[in-house]
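Multiple structures are listed underneath, in structure tokens.
Shared between the two complexes below is chain A, which pairs with chain B and chain C, respectively.
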Partner chain A sequence: MDRRRVNGPETSVTPIFKSSTKATILNGSSKRIDNRSADDLRPLFLKTGLVTQANGSAYIEMGKIKIVCAVYGPRQLKRVGFSSQGTLTCDFKFSSFSCVQRRNHMRDPQEREYSTILVQALTPAVRLELIPKSAVDIYINVLESDGDNACLAAAIIVASVALADAGIEMLDQVTACSALMQEKMLLMDGTMEEEDQTDGSVMVSYMPSLNEVTSVLQTGKTNLDEVNHAMESCIDGCSKLYGVMSASLIESLQ
Partner chain B sequence: MPAPVISPAEKAYIQDGVAHDCRADGRSRLEYRHLVLESGLLSQAGGSARCRLGETDVLVGVKVEIGEVEPDKPNVGRILCNVECAPSASQQFEGRGADDLNNTLTQALDRIYNGPQGGFDLEKLCIIPGQSCWLIYIDAMVMDYAGNLFDTIVMTTRAALQDTRIPKTEVQDLGDGEFEFDVVDDVEEAEPLEGWDDSPVVVTLYKIGERYIVDPTMLEELCAQVILSVGVNKHGQLCGTQKSGLGSLEPSLLSDMIQTATQLALPLIDKLDTKLHDDYEKELDKRRKGEHVEKMGFFAAVI
Partner chain C sequence: MDTTLAVTPGQRLGYAQDYISGPGTYERDGLLYASVVGLRQITEQTGALPIITVSKEKEQSAVPDVGNTITGKIIRVSPMQATVAIMVVGQVPCKEDFTGVIRIQDVRATEKDKVKIYQSFRPGDIIKAEVISLGDARSYFLSTAKNELGVIFATSLAGATMIPISWQEMQCPITKAIEFRKCAKPV
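What follows is the complex of A and B.
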């Protein structure tokens, strides 16, 4: 039992609403629920410098998704011992109020997995060999979530910008993009409503200047050529987001 | 004890070997180690299987239990996965050393089986809609860790699911929308899990240098920069792909690796299914004739 916090009753459930007809994710004139076309990404807002105490920080808004990232580092390793390269760690946390079902304060398996994925997506871009014996800690706090894959992609983007804001030397920025697949349909940057109604999804994180993929996550049952097409579209989406990321970093210098 | 380390000299040796298509144990890049697979070992489990791939040893037990349906999915049963690396499996697993690995493997296994890509007809697992359903608990235990863990776990799980039998239930309508059910005691009437042959198999490719290999040993795993796990079902569809490792790869290499994984998976599924089917037929035959059915047991696979 968590003695540090005020605990509510042991079990409580989110209300299940008597569903009216579910909005179709792609209507007759090829428009999605939020009036985007199938390959439109949600509008992106990025700004650095939100957390004043951190070495670097960034805030991202992608449609309804809101994520804050703070980067502390390079700082001393908490563990005793020598490492010839720096250590990159990530603490990914959904706020309790960020998703439809209330999330626990303790880190659950999904958050631990996302932390690992984030480290694996960002490590190829960071020049860790320049900071031996040091640690770079990334703290991701999701304030509002709208689609798990899109949330993970947004987290990778904001972490990359925050690392750059912290002045940590990197080889390239890491962009990320997600897409949903259902039969022959490909929806870029799917929302939670769309995710609930589709089976397949893909999330790709990519370094545009080096032309290298740093993370791939595909779920659901899909054919090989559909997945290849989805991955290519995601990489294209990543390249589009790169411009916005660079612009926000340049703006922070002025 | 911390994670195992590898010297630069050893790393260079392995990288050169992979580049020349001749690995330390003489295998080619896309060759698997010796595989021993057996199912139906544990009497208390609904289904069980054990697989030894090279020296990696995994035991999977499947238990079927009755539980309540989830409020937002009242007509389907559920599959719950868990992977546990026994502390005895490797020096790095003592105490809480295996926690991270357990979590990663559990999430990855859950990604494979939870959803339509798992192949199961979850509606058939529902006993009384809105009330009770079958819960399939898949518990994988890693007994020896010698590289290529995830592939072995999925292969073993597939065999365990083939071996699983779900008891038959008789539902009685008490009227007024009330239902009650009884579980039939007869072992012979238990039904196999429908759709187990549609469940995927995972092929994990490890990028070492500029080439990639399949089924690495412990040392080869430490040299891998990029690890790509691809789940493929018998129809050639992708059922879950995940990249891990701290390196990166070009998009063209990524598509190439996914393509190779699909090509490796289909004959693998074929061989596994044939073997499981043949073993099952032989066992049925022996039981019919009243002959003693001898299982290989836990030590027989250690060469």
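What follows is the complex of A and C.
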């Protein structure tokens, strides 16, 4: 008799949990959980001018992902230090209700990393040499997230549209696309369920008109051939998104 | 060509050999691209290539540059300089104020060593100045050393809008008291 613990009645037994069956990400007729094919991107919705007090703003919906972006600038650099070029900073934040597990109000390391990636992806496209001593601040707020890589790609898209909406001079727009890799399978624009079941992923951000890649992010376990193939598919995916981005900007002119 | 085409950043506008790139565009590898969202406009020139510009619908928040005339408000006055909140650059307002500084030697063109800041500017005055340099980390350097630069609007100690009577003096219409300011020549 174990006297150190509070024992239940002697006839009690441990409960049996029903084992959860995970939905297969690619079923017999090559369709994914949400009925897309392996190459399909989620439908995209973009709108500018959501935040009226910012210089520029945009809202994106990509499947379940919802992100708001506000751009303030060019405005005076708050911190000390003369720079002959402008400075681009990004504040990436997941809302506390945006993910399955409640997120902290304080910035965590993942958000800091995503802020850096966003700055890396957008800096080559913005003409910072025209605004010396000034800062352009991008504020990203994720309202609902569905897949970390896809969320990051959507953030890059919405930030590029918001920068153009603010009237800041840019060399080109920046589109971004992500892909998940597992053995011989390549899934474009993976959701959170698919991300949990695949090994590796790639996110590419690309300037379509100038045909230049601005950033590549590879996470997880993959091999070199898969990464090359995934990057080419991502660049194709990026080109498809360019049309929607341009249309939403031209619509804001009317 | 249709002159009311709406363009987005990165859209190709034409060949560099056929056009000159104007505001809102840039040139790369012999091609002209748009750099903002707006309407493409082609202005013909006699004796030179036509200029392509993209007119911005939403004006980018202005950034002061050397040589621009700015309108601002004096926020702080010290024995060696006056601090200015730059609010308008040329004709374009700034969404958020920039900080500028008028040093004692840039207040006027003559008798620079005999300048008394408190007799040239007071906090709350609206001034027109010119940007002479990008300055240091915290502020732009401004100058009012021209006839048309200086205080354009000031309130007297009694609270009324003062009228400039000379380049050095302003008078309150209610109390008739004279206060010293470096006034701008009314246009």
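General observations
The working rule: the second predicted complex is superposed on the first by the 234 of 254 C-alpha atoms of A that agree within 3 Å, B and C clash if a C-alpha of one lies under 4 Å from a C-alpha of the other, contacts with A are read in each partner's own complex, and residues count from 1 in each chain.
FYI, contacts are C-beta pairs under 8 Å (C-beta built on N, C-alpha and C of every residue); 3 or more make two chains touch, one makes a residue touch a chain.
Please read all numbers here as calculations on a predicted model, not as lab measurements.
With the C-alpha superposition on chain A as described, chain C and chain B fit side by side in the combined arrangement. Of the two partner chains placed by the overlay, only chain B lies in contact with A:214; chain C stays clear of it.
When the two structures are aligned on the shared chain, A:237 is found in touch with neither chain B nor chain C.
When both complexes are overlaid on chain A, the residue A:75 reaches chain C alone and has no touch with chain B. In the superposition on chain A, no contact is made by A:63 with either chain B or chain C. In the overlay built on the shared chain, the residue A:116 is in contact with chain B alone; chain C does not reach it.
When the two complexes are overlaid on their common chain A, residue A:190 makes contact with neither chain B nor chain C.
In the superposition on chain A, A:147 makes contact with neither chain B nor chain C.
When the two complexes are overlaid on their common chain A, residue A:16 makes contact with chain B while staying clear of chain C.
Put simply, chain B and chain C get as close as 13 Å, counting only Cα atoms, in the superposed view.
For the contact definition in use here, the residues of chain A common to its chain B contact set and its chain C contact set are 125, 207, 210. By the touch rule above, chain B contacts chain A in their complex via residues 71-72, 100, 103-104, 106-107, 111, 115-117, 228, 233, 236-251, 254-255, 258-259, 262. Note for the complex: chain A touches chain C at residues 55-56, 72-77, 80-82, 125, 127, 130-134, 164-173, 207-210, 245-246, 249-250, 252-253.
By the touch criterion stated above, chain A contacts chain B in their complex at residues 13, 16, 109-110, 112-113, 116, 119-120, 123-125, 199, 206-207, 210-224, 227-228, 231-232, 235. The touching residues of chain C, when paired with chain A in their complex, are 6, 8-12, 24, 26, 28, 33, 35-39, 56-61, 63, 94-99, 134-138, 140.
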